[in-house]
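Across the two complexes that follow, chain A remains constant while its partner is chain B and subsequently chain C.
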Partner chain A sequence: MIELIDVHKKYGRKKVLDGINFTVPKGEISTLIGVNGVGKTTILNHIMNLQPVTKGEILIDGEKHHPGIYDKVSFIPDAAITLPEMRIREAMDFMGSFYETWNKKRAEEMLGFFRLNKDDKIKTLSKGNVAKVNLLLGLALDVDYVLMDEPFSGIDIFTREQISEVFTSYLVENKGVLITTHEINEIEFIVDRAILMDEGKILREFNVEEIRETEGKSIIDIMRDVYSPYSDRISNYEFDKQ
Partner chain B sequence: MIKFIRLLEFELGRFLRFLIPAIVLSAVIQFIALFDTITNYNAYLKESLESNVPMQQFSMHDVTGSGLFPVAILIVPLLFVFYSLFTWYREWLGKNTFIYRLLMLPINRMSIFFSKAITFLIGGLLAFLTQFGLYAIIFVIFENAIQPEYFTALNIHNVQPPYEMIQLTLFPTTSFEFLHIYGFAFAALLALFTAILMERSFSVKGAIGGIIYFIAYFVGYFYISALNSIDSMPWIIKPSHIFLMQGAYILLMMVISALISHLLLKNKVRV
Partner chain C sequence: MRRQFNQRDPIYLQLIDYFREKLVSNQFKPGEELPSRREIARQFNINPNTVQRAFSEMEEMSWIYTEPHRPSRVTQNTELIQKIKKDFVRRAVETFVSSIQTIDISYEEVTELVEKELSKRNYPNGGIKK
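Up next is the complex of A and B:
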């Protein structure tokens, strides 16, 4: 499992993360929820050692960070991270030449699933197709954990549906998945655990199915309870959903 | 090791997209300078025959002394200076943030540092050899275009005297000088890479620290070079010893830059 133990992050005097503790177990889909700027992306960057923590520790299957971790954890950011002049085929070859866990067969299958043309250059792709390429490159690795940053952000409805299908497919089966998102509706019925954040702190962590059965509440209902002092932010969520 | 070689090949491919056009452009300008000199020679020859004025001697200095020639020679070194910054900042800036992918490769992050640095070494060697090849070709063409009685042959190391600084710096005449000058430049490159990584790790504070580190590298080197000129020094150091001290300093700075960069890439750098 991925463990975050008392993780703090400061930018100058500003506290971005203030004592974050949670785990991402294998075989479950967890989601980090919170408005923009609460530190969701920072957490993912910390897990991937793309940003140093100010204090605290992150363990992956009990190990501290080392280069081999990237064959264990895959990160799918919400920005284009492939060279614009590369063709999709070249980006796949690049991954194949560095990652032991690159699964070429699965990558080819995903090309078909996402209806991507491997001779297309990255710079000619729409935002939705860039997101699909990111997913392809991240999910074609036979890793134990997958981190996804805002996979639905700025994506059209048809692409959203395709991305949602990924979460119910064999592509994430038995993996520990951590998603950050605003789009609660898209993931309501696929996530196992939800972690609600605000101002760099975790406000609540719960098992979605358990809450549905015991309290009859959805993720949005719990968000209303938790964020009630911040009703203006709740309306932002409603706005985002439109 | 195989992954490092793949990364090096990848970085080299990216650099050659800039270096080859620069070398071609430089070569084209050098040939323009050559043909301009040959045209002048023909004009002089015609004038000399018509007016019976004695003909002047021509040598490679007439080609390299043409205003265009130093511009051509400096294109490639200027590209190296530009690319030494661009090779890092291109990974962070722009529409696609490739630094994510580079930092998430399952390899020691120093491979990124060394692949970029060795790309410069290979590129530098390629540019150096190409220029010597070009000199040889220009030499042969020029020699054949000028009548032997008006042609003064020059050693290839002396073809640039009008620009002695360029000649001494870019085209050293002995292997020791070559190692010394290019070693100095390579250590300066590593110091610059370290300065860039300081900036990428600590933003403004890092930029200030990086600039100080980069300048300190030159100050240290020139301090050693000037040891004998300091009047208060109680001893005189042999030039060969100064040369050795400079060499040791260059090596030491390469190691220090690599160590600092290792720590920054491992623990401090951010996307």
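Up next is the complex of A and C:
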């Protein structure tokens, strides 16, 4: 499990993260939800140790960060990570020579799964196909945890459906998955846990099936409660008048 | 096949409802092999842990059984299936009765309407027998 313990981040005086606590268990899909700029990507960067925290601790299977962690966690960012001149197969070879955990067979399978042509140059690909290449490169690593930054943003509906199939497939089986998103429709039925953030803080963390069972609410209902506490009163008021 | 799930009810219960419908309409036959949990998760695009939960509940109720390293199968207990069917009809009747109970209408008129409705339909998998 990945544990974040009282994580703070400041840029000068600006607080980006203000005491973040949560865990990413194995075998579950967790999602960090919040509008742009609340610190979701910063959290992923911290987990990967790409930027230092101001205060607090991040443990991966009980260990503090060390280079071996990169064999345990893979990070799939929302922008192209390969050189635009590369062909897909060159990017795959590059990953294969860099990571011992590269699973060549799975990478080849995913080319079919995503219907990608490995001779295509990265710079000629659509945004949706660049996202698929990123997923391929990240998911072909034999790791225990996968972090994905906004896997659905700015991507057409059919590609989104294809990407959402990743989460019900063997590709993430038994792994601890953490995705950030502000598009809820895609993930409502896919995730185990939702973590709602605003302004560097966690406002609410819950198991989505449990909330449906105990409160009869969807993720979006809980978001309404948390982010706009008066919306309920307004809609009841209008309903009473009729 | 993409079944539309409701976002506010637990998905595992909606999945059990789906299996109930298949079972009572004989679309799942006694002893028939079920698709794997992962296959169902993929088909419906829902969380695999949720599918697992529905399967556990259905095993608990003995609707399905799983031998080690084999796909799950539909129960062969015909008495149990008969009971599930009866419960299903009882629930439907409850809904029907409660939705018309405020209406001023005679029992004879209601049965006449039910008969009429029945005669319009053709049931491939059995249907209501006299």
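Going forward, the second predicted complex is superposed on the first by the 228 of 242 C-alpha atoms of A that agree within 3 Å, B and C clash if a C-alpha of one lies under 4 Å from a C-alpha of the other, contacts with A are read in each partner's own complex, and residues count from 1 in each chain.
Rule of thumb we're sticking to: a contact is a pair of C-beta atoms (placed from the backbone, for glycine too) under 8 Å apart; a residue touches a chain by one contact, two chains touch by 3 or more.
Everything numeric in this text was worked out from a predicted model, so none of it was measured.
Participant: With the two complexes overlaid on their shared chain, look at chain A and say whether chain B and chain C clash or fit.
Facilitator: When both complexes are placed onto chain A, chain B and chain C end up side by side without any clash.
Participant: Thinking of the overlay built on chain A, is A:220 touched by chain B (first), by chain C (second), by both, or by neither?
Facilitator: second
Participant: Is A:209 in contact with chain B, with chain C, with both, or with neither (first, second, both, neither)?
Facilitator: Second partner only.
Participant: Give one of first, second, both or neither to describe whether A:99 is in contact with chain B, with chain C, with both, or with none.
Facilitator: After superposing on A, A:99 lies in contact with chain B but is clear of chain C.
Participant: Determine, under the contact definition given at the top, whether A:188 touches first (chain B), second (chain C), both, or neither.
Facilitator: second
Participant: For A:169, is the partner it touches chain B (first), chain C (second), both, or none of the two (neither)?
Facilitator: Touch partner of A:169: chain C, not chain B.
Participant: Between chain B and chain C, whom does A:122 touch in the aligned arrangement: first, second, both, or neither?
Facilitator: A:122: touches chain B, not chain C.
Participant: Once the two complexes are aligned on their shared chain, state how close chain B comes to chain C by Cα atoms, in whole Å.
Facilitator: So the smallest C-alpha to C-alpha spacing between these two chains is 29 Å.
Participant: Return the residues of chain A at which the contacts from chain B and from chain C coincide.
Facilitator: The answer is that chain A has no such residue.
Participant: Under the definition above, what is the set of chain B residues touching chain A in their complex?
Facilitator: Result: residues 3, 6-7, 10, 94-98, 100-101, 103-109, 267-268, 270-271 of chain B touch chain A.
Participant: Taking the touch rule as given, give the residues of chain A at its contact with chain C in the complex, in rising order.
Facilitator: It comes out as residues 27-29, 161, 164-165, 167-170, 173, 188-192, 209, 212-213, 216-221.
Participant: Which residues of chain C touch chain A in the complex?
Facilitator: Answer in residue numbers: 5, 7-13, 38, 41-42, 44-50, 53.
Participant: In the complex, go through chain A and note every residue touching chain B.
Facilitator: 45, 48-52, 67-71, 75, 77, 79-84, 94, 97-100, 122-123
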